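Chain lettering (A, B, C, D, E, F, G and H) follows the sequence in which the chains are written, and residue indices restart at 1 in each chain.
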Amino acid sequence: MKAAVIMGSASDLPVLEKTIETLKAFGVEVDAHVMSAHRTPDSAHTFAASAEENGIEVIIAAAGKAAHLAGVLAAYTTLPVIGLPIMSSTMDGLDSLLSTVQMPPGIPVATVAINGSENAALLAIQILSLKYVELKEKLKEHKKNMAEKVIEADNNLQKEL
Amino acid sequence: MKAAVIMGSASDLPVLEKTIETLKAFGVEVDAHVMSAHRTPDSAHTFAASAEENGIEVIIAAAGKAAHLAGVLAAYTTLPVIGLPIMSSTMDGLDSLLSTVQMPPGIPVATVAINGSENAALLAIQILSLKYVELKEKLKEHKKNMAEKVIEADNNLQKEL
Amino acid sequence: MKAAVIMGSASDLPVLEKTIETLKAFGVEVDAHVMSAHRTPDSAHTFAASAEENGIEVIIAAAGKAAHLAGVLAAYTTLPVIGLPIMSSTMDGLDSLLSTVQMPPGIPVATVAINGSENAALLAIQILSLKYVELKEKLKEHKKNMAEKVIEADNNLQKEL
Amino acid sequence: MKAAVIMGSASDLPVLEKTIETLKAFGVEVDAHVMSAHRTPDSAHTFAASAEENGIEVIIAAAGKAAHLAGVLAAYTTLPVIGLPIMSSTMDGLDSLLSTVQMPPGIPVATVAINGSENAALLAIQILSLKYVELKEKLKEHKKNMAEKVIEADNNLQKEL
Amino acid sequence: MKAAVIMGSASDLPVLEKTIETLKAFGVEVDAHVMSAHRTPDSAHTFAASAEENGIEVIIAAAGKAAHLAGVLAAYTTLPVIGLPIMSSTMDGLDSLLSTVQMPPGIPVATVAINGSENAALLAIQILSLKYVELKEKLKEHKKNMAEKVIEADNNLQKEL
Amino acid sequence: MKAAVIMGSASDLPVLEKTIETLKAFGVEVDAHVMSAHRTPDSAHTFAASAEENGIEVIIAAAGKAAHLAGVLAAYTTLPVIGLPIMSSTMDGLDSLLSTVQMPPGIPVATVAINGSENAALLAIQILSLKYVELKEKLKEHKKNMAEKVIEADNNLQKEL
Amino acid sequence: MKAAVIMGSASDLPVLEKTIETLKAFGVEVDAHVMSAHRTPDSAHTFAASAEENGIEVIIAAAGKAAHLAGVLAAYTTLPVIGLPIMSSTMDGLDSLLSTVQMPPGIPVATVAINGSENAALLAIQILSLKYVELKEKLKEHKKNMAEKVIEADNNLQKEL
Amino acid sequence: MKAAVIMGSASDLPVLEKTIETLKAFGVEVDAHVMSAHRTPDSAHTFAASAEENGIEVIIAAAGKAAHLAGVLAAYTTLPVIGLPIMSSTMDGLDSLLSTVQMPPGIPVATVAINGSENAALLAIQILSLKYVELKEKLKEHKKNMAEKVIEADNNLQKEL
């Protein structure tokens, strides 16, 4: 099972590290690339158009400002495309969010929170788990671990107060 | 293959008709329900917690205002949950969008555009197509049809001008 | 008299310290917990559903981003629930505010300002003062102290200028 | 048991009818007034300052635009004050919401959704129920009725589809 | 001299009529097309990539929601691209504006006001006037006419008052 | 000639220093106070109601968040009241701006830019200059000085480039 | 005593009728003009530069969208300039408000609410009242009338309920 | 070939350095000035009105807050005017963006992203390239270089992962 993680700029990598790390922790092969909807549009199109035959099953696209990357990839594939809006230096990420989520009818982009790098990976894994049932167990385990961390934090709080 | 379409209020049905219609047109069985994160939380939880064993493979949740429905369902399942923010009478849908998309780490919601009812269905179908390969062909057909309609509109425009 | 202070994440504690401190200063017993609407939904429900019989009379719920915690607790109790929107790293708290305050008809959440930790406590105390009349005197005293501090600041200003 | 319902302008009455009706349905005596923070500030102050001794136990204040009414009343009383932001012809209610909810430390206003007239009443009733335990049963009944209406809507949906 | 007017959907035509009419009134040949960044991306790319050799000297691109059209065309040409954000049914055009104007470094889009259809044409004509000096005179005439209309409106006002 | 400069909190003083300094530089007597619409409402009312007879001719009111101060003072006087919205830690000053400027019909507040401390003073001086004609000359001088500084900056730029 | 009422477009007249009517009701002579910061900039400058010597003592400037009119007039005069942001077909007036109020240091514009046509006039009258003391009495009368209307509305409400 | 770069304040120079540098790198002569729409309006008008006869072919105008500079220059010339909104200390640049882009019909401003200094230059160069064909080759070279940098970044990413 393989997911693509596409970023509009190398400067987005720090945000995406958690995405790549989470995918790998679940055993998902990651094909990561810097590709730009505006600077290397042909690479982006070729990548998206051939993604399916290259074994990719879900695409995560991260971009900031007028974030067209996810929409542009989605135009060239019928694979599910997850959009990850990146907060840039102005507008607090609202521009990235609206540019990613407000897609016109026909070409959906599955948008997660601004800078929501872990959730982009988890959504990809949930999608992959439809086909790769072994992921279901891992997702349940992950959910349980998250719950345990909250309970532990609550226990610590009881001691502190 | 089966998708759930959950709406927070019966008044959301007009927006969701396109969602249900699109899913059915692709041959996806639809389990539609009115359920409220706030008024019938237990039904919502029971539904989400047992969705997988009831054969549901993807959930679409539509709600307006402080739209908690998608997040609340996502808390109880590891199935992919698609959030469809509904525009209500104030705030132009911004409240629904932010309440749906800005999920904290660990519990993703795949958010589509405000009132993006057709895209919610298409995203569900793309997700299902990972497992049900017959959907891939239909999605490609749909994409081709959309393209043809744009070309037809362009042809009409040439005649008009 | 007892108030619950529920936070969605241990990272919210620094904001909530003023809340807990204010409640205690007024002699209100505080039951503080880390609980997540999304990661430990069952604990949250159990807590809210049994809050009344456990002697809790008002609940303060603090959360950021798509802040569902207050609404989710309010779904399970008829106790007054105070929502405290927490500012997170993006969107300047607007997402938390709208997710907390824009509740649909039937399930109110008494929302205070973004990061308004002291006011969450004071509102809880005002609510409790309906039943515990000794709090009324303390609230009036507190109001008088606030006024005196303003007057003192004004006096200092007169000296400075 | 008695609640005050104060509106900044007679034109707010259509929105507030649901508030008054809900309070009365729960057996709460209603003292309703048109009072303006800006046009009749002295009446507003006198009203708030004497509300407690006049038997009022909670105040609902509704206003639009730069909505100062709830804050101005809260300055003169230690009773809980519920702010109901009214949507006016511009800004979609965002001005009313921020003017009502973003209160500075020391003077809380329990804010409900823009035009959330029913919730303003329900919040007042929840607050009163701390002292008037007969309201608790009615609130639970109301919650049950809401749930039943959702279930009925769901049943109707099953027939329609 | 020739300008292209590209719209993302045939439904944008009513807004663009003023654009086309204004260009023609200045004697600019218009090549108008319906083309979608998402539904017919290849046509869009082919069009943009060959626009220059087809004699087009400036491109106006109009789209709503997550408006990627102008940016996508700009990726394939070094001709100046004018972005015209279209107001759709939600978000009051803010989504279209930010998606069009907030372009990352390297690929500018010359953005005009939301639904600013006449200005899109006038900007194109100003740009063309660098090369086609006969347009300069017409632009000055147009400016004079606008001024005269304002003066006439002022004269009418003096009579009315 | 005398202007009042009222701030909602002593923490606003750093922003207001430029206001006070500018007023004094123009020879306007300044009556500066810390007064709160919410914590010392009676002082605020008494101040506003007696401002005119105390020789004050224009009032500058600065406050942040749900900034009611200017409106509350304006309710008690027919002197012109200038509102200066202060940026607080959240919402980038939008809450202060809307709370100050969106006054309902009947009670205007002359609002200047967020943190526009110098302009608040200059507006007060322009208003006073209607009566105190000696200020007119100083304002023209000030305008000339500003122009000269811009010209000097331009001259410096020419040397740098 | 004389006030100027300048509008950017004849289409703003319906909003400004209340402004002109209010000024006249207070006995203020009104010099009303359609003038555009962009289409007739020279008329606007000449008007502003000569306003003072033409006996004008305060200027009201109303404009929508990128509303530069008030700022442009303020650049040419030291008379107080009141900015009245007009709501246009998009952006709910936020563009007009920000373009009017967010003036840089040195050139204040006294901004009133979006479409706040009556308040623009009342603010002008308050400013004029510094010099024309007969207006003070009328303003107090007006304030009293407003209060009486609120009291009457309250009396009517008591009968209705 | 010559472009003007006008900034509202010397403090905008750091943002504009990239603009000037990019223009010069393409061989465009730069006429840079500090000029204020509000503080030196006459210089601004004279400059714009005589720009064409002084050999200027495109104007870039950068300003923050209520950014009137681009619009004011556009009022005095039929040359294309590029507006560059500058982010100031409040409102995250939204005020500058809306004040620049939302121009009324008749006077377009070609707006680029908030602080989009490089794009302002590239847009000017694209416009100039209509007349100066030697720029076309350089623009294509620049586009190729940008693409190569993205490809290099992608290559580096492949090594890192």
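By our rule, a contact is a pair of C-beta atoms (placed from the backbone, for glycine too) under 8 Å apart; a residue touches a chain by one contact, two chains touch by 3 or more.
For clarity, every value in this text was computed on a predicted model and none was experimentally measured.
Enquirer: Look at the interfaces C-D and C-F and say which one is made up of more C-beta pairs in contact.
Expert: Here the pair linked by more C-beta pairs in contact is C-D.
Enquirer: Among C-D, C-F or G-H, which pair gives essentially the same interface as E-G, with more than half of the residue-number contact pairs in common?
Expert: C-F
Enquirer: What is the distance, in whole Å, between the centres of chain A and chain E, each centre taken as the mean of its C-alpha atoms?
Expert: Taking the average C-alpha coordinate of chain A and of chain E, the gap between them is 34 Å.
Enquirer: Using CA atom averages as chain centres, what separation in Å is found between chain C and chain H?
Expert: Those two chain centres are 48 Å apart.
Enquirer: I'd like the Å distance between the centres of chain B and chain F, where a centre is the mean of that chain's Cα atoms.
Expert: That pair's centroid distance is 51 Å.
Enquirer: Can you list the chain D residues in contact with two or more other chains?
Expert: Those would be 9, 36, 39, 65-66, 90-92, 94, 101-104, 106-107, 109, 113-114, 143, 146.
Enquirer: Considering only the defined contacts, which chain C positions touch chain B in the complex?
Expert: Interface residues on chain C, with respect to chain B: 8-9, 36-39, 41, 45, 64-66, 68, 71-72, 74-76, 90-91, 94-95, 98-104, 106-107, 109.
Enquirer: Within their complex, state which residues of chain D touch chain B.
Expert: Checking each residue of chain D against chain B gives 87, 92-94, 113-115, 143, 146-147, 149-151, 153-154, 156-157, 161.
Enquirer: Could you list, by residue number, the parts of chain G that touch chain E in their complex?
Expert: 9-10, 13, 20, 30, 32-36, 39-40, 43, 65-66, 89-92
Enquirer: For chain A, which residues count as touching chain B in their complex?
Expert: Interface residues on chain A, with respect to chain B: 52, 57-58, 78-80, 82, 97, 101-114, 116, 118-120, 122-123, 126-131, 136, 139-140, 142-143, 146.
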